[in-house]
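In the two complexes below, chain A is the common chain; its partner is chain B in one and chain C in the other.
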Partner chain A sequence: METLIASPKAPEPPEPSKAFTPKTVRSPWPRFLLGRLAGLAGVLVMLIVGTFLIVQLIPGDPAQVMAGPDASQAQVERIRQEQGLDQPLFTQFTDYAGGLLEGDLGTSFSSGLPVSEIIANRLPFTAQIALLAVVIALAVSVPLGMAVAVACRGGRRKALDTAFTSVTAVLGSIPEFVLATLLIMFFAIKLNMFPPSGAATLDSMVLPILALTIAPICTLARVVRRETAAVLSMDYMRTAKGRRLKALRLYARHALPNLMTSTLTLGGLVLTGLLGGAVIVEFVFAWPGLGTGVLDALVKRDYPVIQGVVLLLGVLATLLNLLVDVVLGLLDPRSLHGKAGDA
Partner chain B sequence: MARVPLAAGVCTLALGLAVTGCTTSADSTGGGKDGGKKVKATIATSSDPTSLDPNLGTVAADFVFARMLNDQLVRRDDKGEIIPGLASEWKADPTSAEFTLRKDAKCTDGTKVTASGVAKVLTRFADPATKSTAASQVFGPGAKVTATGDDATGKVSVKLDKPWSDLLYGLALPQAGIVCPAALDKPELLKSGKKGAGTGAYYIQSAKPGDKYTLTAVKGYDGWATYKNMPKGTVPDTVEMPVIQSEATMANNLQAGTLDYAAFTGPDVARFVKDKRFTINPAPIIRMMVVFNEREGHPGADPKVREAIAKALDRKAFNQAVTRGTGTLMASITDGSVPCANKDESLLAKTDVAAAKGVLKGVKIKLVGTNAVAGGSGNDYVQAALKAAGADVSLRNADSATWGNDVISNKGDWDLTILPNLNLTNLLTTPASLFLGPDPADGGRNFPGVDNKGFAKGFGEAMATTDETAKCAAWGDAQKSLLGSHDVVPLATVNLNYTTAARISIAAPDGLLAPETVRVTK
Partner chain C sequence: MMQQLRRSPALMLGLAGLALFVVLGIIAPYIWGDRAETLTDQTHLAASAEHWFGTDALGRDIFARTMVATRLTLLMCLATTAIAAVGGIGFGAAIWVAGPRVRALGQRVIDVLISYPSVIFALVMVAVLGPGVGTSIVAIGLATCPAFARLTTNLAASIAGRDFVSTARLLGVSPARLLRRHILPNIAEPLLVLLSVAFTISLKALSGLSFLGVGVQAPDYDWGSVLNKGLEGIYLNPWPALGPSLVIILAGLAGGLIGDGLAAAVNPAAGRRRGYRAKVEAVTAVPSYDEDALAVADRLSVVLPDGTRLVDEVSFAIKPGEVLGLVGESGSGKSLTAMALAKLLPDDLRAVAGTLKVGDLDLNGKPPASRLATEIGIVYQDPSASFNPTLKLGGQLTEALRTHGRTSKKAAARQAVDQLAAARVTLPEQRLKQYPHELSGGMRQRAMIASALLTSPKLLIADEPTTALDVTVQAEVLGLLREANERDGTAILLISHDVGVISAICDRVVVMYAGRIVETLPIERLRAGDADHPYTQALLAATPTLHSPVDEPLSSIPGRPPHPASRPAGCAFAPRCPLARQQCHDELPLLAVHGTGATACHALTWDKQDEEVVA
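Our next item is the complex of A and B:
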């Protein structure tokens, strides 16, 4: 994905000639979408193979874990047979891939529940905090970055600029689990304002979302500040300013659209990153989402659940990237050229 | 209750220990109310139960639910004393037992528990088709069990085809919980733990896997245990059991007042040591010992090498390395709190590094240990001590699943391991069964490949008598033989630290948690 800064008004295209028009002004969308769908299919195949192989690399015997510490080896072997773990790797893969083609993600080794049911139970929890986190991150970081850029334009308010840069650099570099722990210590244990874990009430979302959003807000705000500073120095902004437009209209209509490409691009990456960050944050806050699910499955060597969740996260990340590129294409058609094959 | 200076750093997740915690109140008359207000308790679980059918439980979270939802025929109090459960009276010998059911024994939906129904439940439990891994602990490995019930007299009879004197202790295990006989024909009800599935003090009201389980107290339940240290206070009407994997998160909840009870094996217990609002009660659930691969071609096949290794190690130094000295030194395959466990330290090899050097110099040893206990610091200590005695020791610190595969299933290349025996039965039988019988490859549990005839003889004799004196004498002979051959080198215990807030009380007879006894005392 590219970061492009579009001018608000592109030069007028030349008058098309009759012989020239049908061949040269062809819409780039079909090629773009076809390329992307082909890429998506390739990524999906890699994900299926990857998720299958990755669990084979995890050391340890799922049958032994399932049987428990007091089981005899005969009982362990019986479980291995029941779960098909005694089959050759290729047979296991064809069973797995065949099941996926029929929409069957398998059955959890430990709970006996269908993986799709486990995902259906947990996905809404992860989606809640991940989506809210990205909305909040965008809603805070864009105005914040723009405001600082405007306030510090042309080298003004150097102290504010330095403070902004320093604070966002420090906060943005704190790992999510450390931030989560600090938030719990202060807001849950010391001030007793929010619950330290669980998903029972609305206020239990506050600390996990804070832990997830603070770093992305800092990163995005810094990018928006830099991009805004660049946009403010453009000729068209000086022209617009010369027309004595009100500040809100000036920045909202002339500066903001030109930030959208970079902000959306980064926003997509942030959301993808949040899916990973949520695993750690969910664990710290005992949030019943996919993150705690996959960690629990790792400990139990519950292959079908690990495969199902990792596959889903991979597909979600890929689709998010595709969505961002489509939106970017709509905002700035120039971004469609040369990206058709990128997955 | 004792205070613990510092937590033993043990990984709860890897060992699958259920850790619990609770908030709030209720009365000991059952289904209690407090000033007309419904009383709620919150007991956390470190993972979802793998099964709500007690007979199929394999991890500690299963055992917590099993005890909440089902009564056992008998219960076990401090010092191994057997006390009433669903049965008010009993008599047992090594091959049989007879129980007289309480007249008011009921399922959680109020239906009467009959003797013939209990016999049906026990028959299913013992049936290999049920695939219960606990059945061999309760009835003995490969036992044929005949259970019959007489509804007129309320008597249940259990007969074994070979002696197993631990039968009463086994039937007191949470895995031996008696489900409601009527639920046997309703697999979905049995799996759900809902009203009518069990015979205990609670039933599942709602279950949200990965999130929380809500349990409701059975109205009119009157089967409470008669433990010597039975907590007083109010029985909660509702018990919530949120799933919290991380001990740190449990500790956060305890400190924030959203949990009143948790159990720790890791360092988070240190947060409560100097806090007067909490009490810590350590239970020596994990017993650590060195075990050798005694098969041909491995250094442990030579008794002299085993003895030298025993001499190279210092239990106190090990205890310091793993628990900072909070564990208890062991003189057998378990600690002295377990009935019939050896306490005679003269049976152990005395630390003598100089003597060990003469045998161990240049001996190559592959040490494979689990990092589930204190991050593997005990493995590090053993490696360093053996190196100091001249051995060439390579160490692989594996996660517990890998270690289980390589060592317990004997599928890896290993010479020596530090076994963290998670003994939730508090019986000698549990660790002892690892040192006799067939190899794992042949369906057995004897992962070190021990062939100790004296030990096997003592074990057999102990299982053949219910006379406590004779039983302990047989166990004494068995342990003497095992320790004399240096088949194991006892080290120290790692505690599970039950941590309670001042307003909560909960029984843990013999160090084994009885979560159904949770009471709010203030």
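Our next item is the complex of A and C:
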């Protein structure tokens, strides 16, 4: 899957001509970052328009839907006025976008609190588990995939190879919510080792993180294993071997940066997918983050909160992507060429 | 492809599993429909022989509900996959056909969409349309579209670059026809893989939405909503959650097996080759080589795990200060011979030899890494692939020196600059801070030679050092090698398929054919075209010189070398040899001293016999 829909490889930079004698080595970074910032602005505009349209696209009378089926005509009209739904479309958009620029995300219907305050309260919880999950997923899958690739190189250790492939295939195909359910059953209810829900103590983070990371770890470890095998067969690895380096230096210094470029290109999707997984896992463990916030708002038809949270999650996904590409650029400067404009 | 499909048990298992679920989806509502809907007062029962997964809050049998839910779940997955495939392929094809500007913009939009988590997108759709079966299908279907669009444009781009498409375009075929006639048929297989993967993803996402309570709404139910209800009573009774969980896992597993199996079948390179180790008897005969030789390979074989000898009992020696050429067609085993001498064979190959040494380093044993790294220098064939693209040149050039030579970073860099300057690399100080891709191919190979000479090796192995270079750069690189030999007395083993390259700088030449040495000659005789072996003669005849007549076609050697696993009992060249007689096919000719060289050819003995007969 990851290989099929990976972004196309950036073209190799043109080979310098024989007469090429640079006076100074020019950094590709400014161009890259400027291009990415422009892309970021484009995505932001798309997100603002998209979240604005959430309310506009509601079939029928948005004010009626927002007020709920049992609302009186007076209530519906009040909502229409409060939300400015009686204004022309363009005025509504400038009000919405203008408010966003001033940090005003609107006011929650159900609690009466500013949406920005709700987000400020919930964001740390989501950031906690999402970031921790990204770090853990990479920290486990990369060494694991590399170790298996090195141990099984050239057709060695067939049994380990088969075991790795089947275990990661099975674990990797279990959805987060099923995994979360099973983890609660086993570790929280049966063994009583970790709390089944809430965010009261530090160990309440263990099960959500496990539920969130196990499948991505399996997927990433398989990608890393495949990429490591490809890197090990490269000419430059033979050159490095010719220098008779210690195994750790050979794999960490020479193989790792190269396989990380392809792994991150393919695995970036897995990492942004963690944000979506976080929404589900938060629900199962009653984790007070953005995911439960948006689900709660969905049930209550609390549209300002839905708009705010969706906007923020979109920005987070975009930033995570940018982060992946910056790390890629640090690892392999060739990737900076030709990627400058992507968002 | 069909054969590979049949050979994959995982794929068969996956298909069988999916078939089972399809059958279940068809028959379950007829068998369990009543039990699934009947309300009883037996609420929250644990699993028993009567209620396999227990009962829910309304006393309905959860096993029956899970089975009945199969139909709706599968139908939703099917609809979702169809939307994703049709929409995605359509969008991808549309922006690809629309021309370069729209294509670039469209690809960027796909980039953004694909990285946006589909669950969040689905939640937005639910907010707009309200929860329900239709919303779920549209939401997840649209969320999966970008994956198909990306695949379509990726594949179209890769196919569009191929020759037959360029040809069709030159002939004036329209883009739409190009897509339909030439491109779609070529991308069908990867699309099939993505289709099966998309089915699995849909299953996960749809069940996830229902599980969150914003997907399928009562009175309808799919696996996700059955699991959602099961979660509510999980403390009292785990079975209502465990049962649907197992079913979702099994269905996901079946989908995963199909996807992996199809991917492996479409991409045979992903399949692993079998490897086992056959015993090869160690070489025990008495060594026979010059005592003062610098490097010695005595009856060196390079062996595959199955026992096939890619290089078969090759013996040669390199004197101190000598430049020895190793020439032969590709596949003759010359590079493997060199890599065995460098102890750098690929992981699955093994070297067996009576003696294999460089100086006093015994390569049959476990020589110390630091001496191997410093006493044998290697120049590789392709300078653009042999430097690590992610590391700056300075670190790569000085790595051996710093690791094994106990040289400080600064001193190593100074030596590297001197060595680069000696190899006539321009701006040597700045090169250390550059990445390999910032240098031209010729500069990279000069840097590679500088790197190899940095540790003052006793033996320099140059494996096709000029093959990847322009002709004008070739001569300069060969000049550098000769210079190092004359300046420092470094012995060189030069591997090439090009007789011209060999005769330019070598003192002596070893000719290999099909993994064996067929002739060794002093270079003067090679230059004079005075070879004894018919293969060497044919090689020389196939090499153009300034004196070759322009109007005659170059001679070529008909046929191809035998595969190492099916080498004939006799002379491997016999099937292509104009002189071959029955003896050549039956008996392996041995290398015998002949004049100033050595030759492995029966024909040389015939001359004598024939002369005797005449006399």
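Definition applied: the second predicted complex is superposed on the first by the 266 of 343 C-alpha atoms of A that agree within 3 Å, B and C clash if a C-alpha of one lies under 4 Å from a C-alpha of the other, contacts with A are read in each partner's own complex, and residues count from 1 in each chain.
Quick note on the criterion: a contact is a pair of C-beta atoms (placed from the backbone, for glycine too) under 8 Å apart; a residue touches a chain by one contact, two chains touch by 3 or more.
None of these values were measured; they are calculated from a predicted model.
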Greater residue coverage of chain A in the superposed arrangement, chain B or chain C: C
First, second, both or neither for A:L295, with chain B first and chain C second: both
Partner chain(s) touched by A:L101 [first = chain B, second = chain C, both, neither]: neither
Partner chain(s) touched by A:P333 [first = chain B, second = chain C, both, neither]: second
Touched partner set for A:V284, first chain B, second chain C, both or neither: both
Which superposed partner A:I189 touches (first chain B, second chain C, both, neither): both
Chain B versus chain C as contact partner of A:A199, first or second or both or neither: first
Which superposed partner A:L245 touches (first chain B, second chain C, both, neither): second
Which of chain B and chain C A:A159 touches, first, second, both or neither: neither
Partner chain(s) touched by A:P59 [first = chain B, second = chain C, both, neither]: both
Doubly contacted residues of chain A, that is, touched by chain B and again by chain C: 59, 65, 181, 184-185, 189, 283-284, 295, 299
Chain B to chain A touching residues, read off their complex: 13-14, 16, 47-48, 50, 58-59, 131, 133-134, 136-137, 141, 208-212, 242-246, 248-249, 252-253, 255-258, 398-402, 404-405, 408-409, 411, 422, 430, 439-445
Contact footprint of chain C on chain A as seen in their complex: 1, 4-8, 12-13, 15-18, 20-22, 25, 39, 43, 46, 50-51, 54, 57-59, 65, 153-156, 161, 169-170, 172-178, 181-182, 184-185, 189, 232-236, 238-246, 249, 253-254, 257-258, 261, 268-269, 272-273, 275-277, 279-280, 283-284, 294-295, 298-299, 303, 306, 310, 313-314, 317-318, 320-321, 331-334, 341-343
Complex contact set, residues of chain A against chain B: 59-62, 64-78, 110-111, 113, 118, 121-122, 125, 181, 184-185, 188-189, 192, 195-200, 283-286, 288-289, 292-293, 295-296, 299-301
Touch list for chain C against partner chain A, complex: 107-108, 111-112, 114-120, 123-124, 126-131, 147, 150-151, 153-154, 157, 190, 193-194, 197, 200-201, 204, 207-208, 211-214, 224, 227, 230-231, 234-235, 238, 241-242, 245, 248-249, 252-253, 255-257, 259-260, 272-275, 305, 342, 344, 346-348, 369-370, 372-373, 378, 380-382, 384-391, 396, 399-400, 403-404, 426-427, 430, 433-435, 437-443, 473
